[in-house]
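Letters A, B and C mark the chains as written, and numbering starts fresh at 1 in each.
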Amino acid sequence: MSALLEVKNVTKRFGGVVANRDVSLTVRQGEIAGLIGPNGSGKTTLFGSITGAHAVDEGDIFFEGGSIAHLRPAPIARLGLLRTWQQTRIYGEMTCAENMAISAREAHGHVFSLLRPVPAATRRKGDDLLAFVGLHEKKDDKAGSLSFGQQKLLEFAMALMNEPKLLLLDEPTAGINPTLINGLIDRLRRANTELGVTLLVIEHNMRVIMNLAHRITCLAHGEVLAEGTPNEVRDDRRVLDAYLGVA
Amino acid sequence: MLDNLSLFFQYPPLAADVILNGLLIGAIFALAAYGMALVWGVLNIVNVVQGELVVLGGYVTFLAVQAGLPPLLGLPLSAAVMFCLGWLIYRAIVFRVVDKDIFISILATFGLSILFQQLANAMFGSDVRTVDAGLGSLHLLDGTVTLAYVKLLAFVLALGAGGALWLFLRHARLGQAIRATAQNPRAARILGIDTNRVYAMTYALNGALCGAAGSLAVMAWTIHPYIGLPYTVRSFMVVVVAGVGNVAGVVAAGLGLGALENVAGFVFGVEFQIAFVFALMVVILVWRNAMAARKRSYLE
Amino acid sequence: MSRATFPRLSDWHIAAVLALFGLAGPFLLPTLATQIAFLWLMVVFALTWDMLGGRMGYNSFGNIVFFGIGCYAAAVIQRDAGLPYFEGLALGLVAGAVLSVLAAIVFGAAMLGIRGHYFAIGTLGLGIAAGEIAAGWDYVGAGSGMALPLYPGELGERELFFCYSLFALAACCFLLFRWIYSTRFGLALNAIRDDQDKADAMGLRTTPIKIVAWSLSAFFLGISGGLAANMIGFIDPRDVAFAGATYGVWMVLMTILGGKGTLWGPVLGAFIFHVTQELFWTWLLGWQRVALGLLIVLIVVFFPQGIMGWLAERRARTAS
């Protein structure tokens, strides 16, 4: 399997805080990769660096072999690299169906190509994806009126609407009703296998990530602490210590 | 225009006169800007009616002098009257928009600005007013540099007020409550601070600062009903450049703006001085945003 | 939400009534032709402001700049081109539209990256700076403004001409914007309003979208400036062309009064505001502008959701 995303020796500082130090990580084409680490270990910061929210201080980032470290969020998204947010970001005053329509890949086009109504096919696809995440009956509700968990699902569906090659998910199960988590794991897998989206998932829920990911990277204090298969990472003494606050 | 520019450089005493007079006027801008920084920092409101408070403060001194009071007594009087007016404005209007969307508060205070501007016009007429403080002028360099003593007074008072404000915020009980509220209103409420009262006092204090600035403006310069908005924009610019919580920066930026404006008025002609003030603000915002964008952030 | 419980006028009913009023009104009420013409001008003001303020979430106090550019472009062309009245007017309107759009592109590229209250105050500065520059610039008459050529037709015809021209402009603006809001471009504007960083991160080309939106507003404001200048017959830099404290604020006020970001809100707000103004203003004898300030404060503080917003709230309440 070839590398889709390569993060090479990335360091990111916020003032005096070193949020990421010399982080390297590879996501291979077609896999589900996991990113774990205690609170404040720099996982979200790494997502920000990858998707162009902020410039990195050192190191480089490659997507499909080309450097993207100097690019801004929109061009990176148009390359097919997308993220979701821990606190969810959706268009609150628009309906769910509108949220889906404007998230379609065609919306990347030049301004004047936007001066056309939403094609019926796009609308249908939006409906299908809303049904896929179980929000079909909320279709005409304002996105801002949804619960936090439902907004997370909507944001996931919006990302799929954009047909990314690689999707970075920041804690997709946070705030989701525990009885629905298994269903969500199943959907993440199906997005990976049926829609062909490579995933990099930040997750605090160990049961979820051990189940889902093919390979896991663990961050602690902004540095890569361990990486390997779920079993290897789970059995790594240092990972346990990091979570218990010993390291 | 180019003639003026070359004159400016070839004849240093003239340049000194223009720059020094500008610096002294800048002290008045700094005074109004303290108030804006205070209201911005504590209430999280851009107070568009700021300039009208300055102008009304000027009218208080003007009327007091017409009624026979000595000009210098007009200064504390203006501050006191505008303190009360500030408190009233807060109680009547501003408290209703404090935690709303920031555009609502801008629009509401803009409405107040139009209201006061037109009220001033209806009540005091559109004439340009000034008050002779009766202090005379200081002449330097064989009379090429003329500095009115009242401008020097304004300068000293503005610096003094800045220092007093700094001490007040640091040491007085109310000042500490104001700072606590500015940092985190919810935590301040939990600590038993009556934030609504803090907001009212802050806004009233802003009124007093504007009143003092207006009183100095009418003595050292002129006022008329429509000159308020430039004061608002000057205060806004000064706060944007200096930062909300930076008293020393506000003084420096205010003085700098005064000097720059006076030089621009001299070079481009007085008829373009107001245009310069507004255009400068636009340029500052665009420039700051461009700088922020390079770091992939933005002003908000 | 069920709509059936609330019988609603369809858009087409309202549009038909308005069109009838626009076409027959000036004939039936010839003495009011000028007031009706100003009404359509107000509709253009509110519709163009709403494109940014309501749909895109960029609250501009500077849209008056494009109106002023339109005024001066027409006045200068009609003064200097040496054409007969109607040819000069036509050329002037084209020039006004083009210059306004160019200005929107330049200002947009510089200023549309600025957000929130910085944008609001920045555009306020832009409008006033433009007025002050015009007031000091001799080529455009400086502080004494510019007079426009006399309308050549018969008495009474002039009012009808401008009334119909401005009606046509308002109608075109409404129909074009209505269509635009039904396209993906309209959704993109809403997305920028709701969360611009998200829109960016989803790959939307937000900067060109914002500039095109402002240019569309500027286009109609530029033309309306040329027409209004000819209708009034005289432009003063601060009180007509770059009248930030009247027209510039009215734009915002009318849109908020009617309801930001809704199809009919700006039109409704313009009607209510203009009719109120024409009916009651004369009674106020010189206190009109004081009353305007008060009105802004009251509407913004007590009725920020606007009429359409209020209706929607009511409907939601009765439905649930």
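General remarks:
Going forward, contacts are C-beta pairs under 8 Å (C-beta built on N, C-alpha and C of every residue); 3 or more make two chains touch, one makes a residue touch a chain.
Not measured: the values here are computed from a predicted model.
Chain C has the Cα centre that lies closest to the mean of all protein Cα atoms in view. Looking at contact counts per chain pair, the maximum sits at B-C.
Placing every chain at the mean of its C-alpha atoms, the farthest one from chain C is found to be A. Averaging Cα coordinates per chain places chain A and chain C 42 Å apart. Computed from the mean C-alpha positions, the centre of chain A lies at a distance of 48 Å from the centre of chain B. Here the spacing of chain B and chain C, counted between their Cα centres, is 32 Å. Among the residues of chain A, those in touch with two or more other chains are 53, 72.
Residues of chain B touching chain C in their complex: 46, 48, 93, 96-97, 100, 102-104, 106-108, 110-119, 121-122, 229, 233, 236, 240, 269, 271-272, 274-275, 278-279, 281-282, 285-286, 289-290, 293, 298-300. On the chain C side of its complex with chain A, the touching residues are 180, 182-185, 187-188, 190-191, 193-195, 197-206, 208-209, 212, 261. The part of chain C that touches chain B in the complex is made up of residues 59, 61, 110-111, 113-118, 120-122, 124-126, 128-129, 132-133, 135-136, 142-143, 245, 249, 252, 256, 286-287, 289-290, 292-297, 300-302, 304. Contact residues on chain A toward chain C in their complex (touch as defined above): 51, 53, 72-74, 77-78, 82-83, 89-94, 98, 101-103, 105-108, 110-112, 114-118, 158, 162.
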